[in-house]
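Chain lettering (A, B, C and D) follows the sequence in which the chains are written, and residue indices restart at 1 in each chain.
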Amino acid sequence: MIKVGIVGGTGYTGVELLRLLARHPNVQLQAITSRKEAGMPVAQMFPSLRQHVDLAFSTPEKAALSQCDVVFFATPNTVAMQEARALYAAGVRMIDLSADFRLPNIAEWEQWYKAQHACPELVAQAVYGLCEIHREKIRSARIVANPGCYPTAVQLGLWPLVRAGVVDTEHLIADAKSGVSGAGRKAEINTLYAEASENFAAYNIAGHRHLPEIKHHLSHATGQSIGLTFVPHLTPMVRGMMATLYARITKETDFQALYDTAYTHEPFVDVMPMGSLPDTRSVRGANTCRIGLHRPHHGDTLVVLSVIDNLTKGAAGQAVQNMNLMFGFEETAGLDLVAVVP
Amino acid sequence: MIKVGIVGGTGYTGVELLRLLARHPNVQLQAITSRKEAGMPVAQMFPSLRQHVDLAFSTPEKAALSQCDVVFFATPNTVAMQEARALYAAGVRMIDLSADFRLPNIAEWEQWYKAQHACPELVAQAVYGLCEIHREKIRSARIVANPGCYPTAVQLGLWPLVRAGVVDTEHLIADAKSGVSGAGRKAEINTLYAEASENFAAYNIAGHRHLPEIKHHLSHATGQSIGLTFVPHLTPMVRGMMATLYARITKETDFQALYDTAYTHEPFVDVMPMGSLPDTRSVRGANTCRIGLHRPHHGDTLVVLSVIDNLTKGAAGQAVQNMNLMFGFEETAGLDLVAVVP
Amino acid sequence: MIKVGIVGGTGYTGVELLRLLARHPNVQLQAITSRKEAGMPVAQMFPSLRQHVDLAFSTPEKAALSQCDVVFFATPNTVAMQEARALYAAGVRMIDLSADFRLPNIAEWEQWYKAQHACPELVAQAVYGLCEIHREKIRSARIVANPGCYPTAVQLGLWPLVRAGVVDTEHLIADAKSGVSGAGRKAEINTLYAEASENFAAYNIAGHRHLPEIKHHLSHATGQSIGLTFVPHLTPMVRGMMATLYARITKETDFQALYDTAYTHEPFVDVMPMGSLPDTRSVRGANTCRIGLHRPHHGDTLVVLSVIDNLTKGAAGQAVQNMNLMFGFEETAGLDLVAVVP
Amino acid sequence: MIKVGIVGGTGYTGVELLRLLARHPNVQLQAITSRKEAGMPVAQMFPSLRQHVDLAFSTPEKAALSQCDVVFFATPNTVAMQEARALYAAGVRMIDLSADFRLPNIAEWEQWYKAQHACPELVAQAVYGLCEIHREKIRSARIVANPGCYPTAVQLGLWPLVRAGVVDTEHLIADAKSGVSGAGRKAEINTLYAEASENFAAYNIAGHRHLPEIKHHLSHATGQSIGLTFVPHLTPMVRGMMATLYARITKETDFQALYDTAYTHEPFVDVMPMGSLPDTRSVRGANTCRIGLHRPHHGDTLVVLSVIDNLTKGAAGQAVQNMNLMFGFEETAGLDLVAVVP
């Protein structure tokens, strides 16, 4: 049993972490901090956790996070970087579900996130936690930068193809659709029920922060130069994400075999047979990325469908998978989840 | 053509008013005020109004509301009462979609709305704008208190029964369900898509502000003492409201005939045959209240189903109906709307 | 490990059973029958089960159900009663999720279900599987009639009150709201997305088949005569059910204490503090019934809110709970589920 | 006033046609046929039409369609072609909302629709009813093939670009998302609420019937050879369609100006300023196609967002627009609809 702390458990990635950790066989939940809600039982904010989580939110001061084995940051961007140094010094390992450690280029990070980075030297230490691609480095990481939801779906969907050098990597297209929970549990007009329901809309075409993350890490992992048109859309559902990926073929090969081989031993990537249509509900609440490959009319454009639950494989589930790797647990511990269908 | 002003057009009742007034044959839209959004074209906030509404939001100072024939308040509670005196003095007629003029008992209003009323003398002047019941008084009213959504559905559903004195009026039950737009266009956590979708919840059982409104006006209109258990629920849809009403029979009569007679000439109340099941989509976007009467197993409990669109007959549509009455237009002018189905 | 068979695994209660049984520590899934889909891997119909369920649908002939320890019927009404005799003779225990064994009065059953019952003598043997009320009988039952979803929510919500004889049991009201999955996985117009979304409707007021089930078993369990007005509604969500229950107080007592006491040791009934507002998502995918008690304005009407997931505690979860009781497993085995929120 | 008949008014395009025609100033609704529902008042099937449509469904025999000025076919594919000859001979003009007259190449039609065409000679007569592109021919057409919903959104979104010859027309991509009403009012499992809600899925990538329609007519209208990867998705909303279109720039020009010019006088195409994000609800229930143009990071890929209401501009609204052109009415008659928001 390891001692686990959570900073900022009042959002959707926080409650999803709690859902998973409450049942994890190797975890003792030690503290959940929220300065604003200090003293309130967690299960009062989220009655779904009644009978499962007994903790109350506590102030960071009282939480004694430095005595935890690992701390998860389920916080808005720019919080984790403020607290990372002290925990690092105390020997606490960290998994950051926010974006603070995702871009190794500090200047680029500061440009996209419009803030000065508080601990550039720790960014250099951080390992990017896309488990399927960086598994070995994650095992020994002291800080893991848990990937964004779009970057998880897009990179798992493109990696085998890009790595093999068989498509035009300068003109990739990711037409991505996310459930509304991806916007977080923040009081904002544009994610109100009456705004987002019965509506479909693109957003942030001019520059979503996940774009540099995808480009950097996909390039880094494959050695290819990456050009990507990335169009995110908001779709009227709570959970779920689909990336519809388009790539122009530059070299013939057995594309399905590329994927089958790349993910054959992966417990959380499910490559379906050529021509399959994975839907988002098939991974709802599960830590799975499900992939289907298409080549319409035997033309020169490949279409890859990649679906995840944005809160599970796209956030808290992948964070737990990272923890499992870091502490030598079964990679699937606490993650043996069957999707909730219907 | 009358000159029409709107105070506070940035919420859902505001955009619904604009949808209706933009096509009204007797209306010239003069000004829409919003201090916060002054200068922004209305159609920039609501692109659905492009090509239909050319106005920009203006400050109250520039709006020259005192030169309008009628001003609608589509504002949060306690705004209209601040501005009513000046407009009243200027001879401008007013239709308030908020609650400021709904309760004639000032002390009761102040208790429920936790504020001091700014113009009690005008409350005494105001006419309660439930058109089917107070039509004649509305025609000459200078201030109309447009009813709340729940009060509209519940009162139209109970009025014939209560007036006839054939049920136990001390133990009425209104189990009401509202779409989420009823909560308004405010940045709040509990009406986020990810909170309200795939969820069903009761709220405010201990005391919803529409309870005293229903009790007072239903009693006033029928001469009966009213006891009411009112349980509102939030249901995962944008528009629509159903009140399921339960009343214990105290005297046998032809209940269906009570309703048929009460509403026979009403253009906006549709009494369906005994045993019918009106659904909320059948009135979506229309100014109709549709009613179905049931007597399960010929027992002593009557069940009345009353559905409206909370934004149309429950707010902006009824406000336009009130305007039509006040200015001698056809009562249905601008309201010849067919519900959008599916 | 017991050997488990499922008859009819192609519907929503079927896939929910599979979700639960796939992870149950004491269960070996032996066969799933579907004459129509024989030969198709279950995970092809429900890709959410890929990597979790390896079985294919088989014909009843090949399924060797008589060698199972227990067989679940997740079939339309009138199927289980046709197959029960042979399995009974073979010593196989049965849990019927359909309605075939729910009403001990055969004439009443035949009237409501419009069919001749195929095995009246086994109905007499069957135990009504509302675990909290009939736990002891269930342990030794050879046939369990798994309760309907509405009967589960309504009876758990009313039982402490009715048993105590402190309300007018002749005039109970159950205003119930169900997610659309309750209608089953059948090709029908009225449960199409485009019909049921953005819509709220009552149905079957004149006579829902769950009415006699509630009346009989609630009366039987409490010794009280029961009069009930039951109005079911369809609400636009997939899973979830709320029963809003109204009862007239006839005798003062500590109502909250009645519930606290009745369910104090129950793992799957969560009585919240007086005045709480349980919402359906707080039990989504979990086997929990969550209850909140209200007495508006200290009047003489009690309001009880009772929420379940119609597919879990309202169907497959309760069926697994029944299996656990029948075979002496931990009652919570395979049911340690945290609701999926958001 | 012209006499209008509708064949097959029981589906979603049928009820939408009725919503529009019921208020059309120049139309007298003469007959609606449905062999299956003959005798049933239309408003019994669709209570939203109570007080607006008095007709009952009639058999084709009794409908006297040959005395109508125009007949709309709101039927499944292959029905209109069976009845067209007789109506044509009787001098009745026709607007077919199904696919029977959309592909001039009969062999291609027969291949995609897997049927033998019943009246090839009339296909040659038919005019493709994309009003903005074929306005003049439509005025005198005797048979109009009303475009499919995807073809409307995609062609209006690509036409100015393709016509100008400034993009690689051999490698266009249309990532399209449709509300579920697009699947029609048919009892099918995969469009049940419990299947389509909280879910996002692609479908028919291997070959959607709208693909040849788009390719033929876009090529015909522009003189360009067209290569198109078309991926349709089902999105959990009732109405609404977005096509996200990707095109590789081959020649620099003022792209926004191409669109502004192309649609400057169009009442039903709204080109927003460069970088705008039209959402589907902004056209809900309206006959508008709203377009936004993007050039992310000044790269060589253009992104065009094109939204319509699939039942209005994508079906019945465009059909009424065609009727207006054919009979010399104001093109906007009966179509002065403001979108229902929220």
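The rule is short, and it goes like this: a residue touches a chain if its C-beta (ideal position, glycine included) is under 8 Å from a C-beta of that chain, and two chains touch if they have at least 3 such contacts.
Predicted model, so just to flag it, every value in this text is computed and none were measured.
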item	value
Centroid-based (C-alpha) most distant chain relative to chain C	D
Between A-B and B-C, the pair joined by more C-beta contacts	B-C
Distance from the mean Cα position of chain D to that of chain B, given in whole angstrom	36
Chain centre separation (chain B, chain C; CA means) in Å	39
Separation of mean Cα positions, chain B and chain A [Å, integer]	45
Where chain B touches two or more other chains, by residue	12, 179, 181, 185, 194-195, 197-198, 236-239, 278-279, 281, 284, 342
Residues of chain C defined as touching chain D within the complex	12, 179-181, 183, 185-189, 191-198, 236-238
Residues of chain C defined as touching chain B within the complex	171, 173, 175, 177, 179, 194-195, 197-203, 205-207, 227, 229-231, 233, 235-240, 242, 244, 246, 248, 275, 277-281, 284, 294, 296-297, 299-301, 303, 305, 307, 342
Interfacial residue positions of chain B with respect to chain D in the complex	12, 15, 19, 22-23, 46-52, 181, 185, 197-198, 238-239, 267, 270, 272, 278-279, 281-286, 288, 290, 311, 336, 338-342
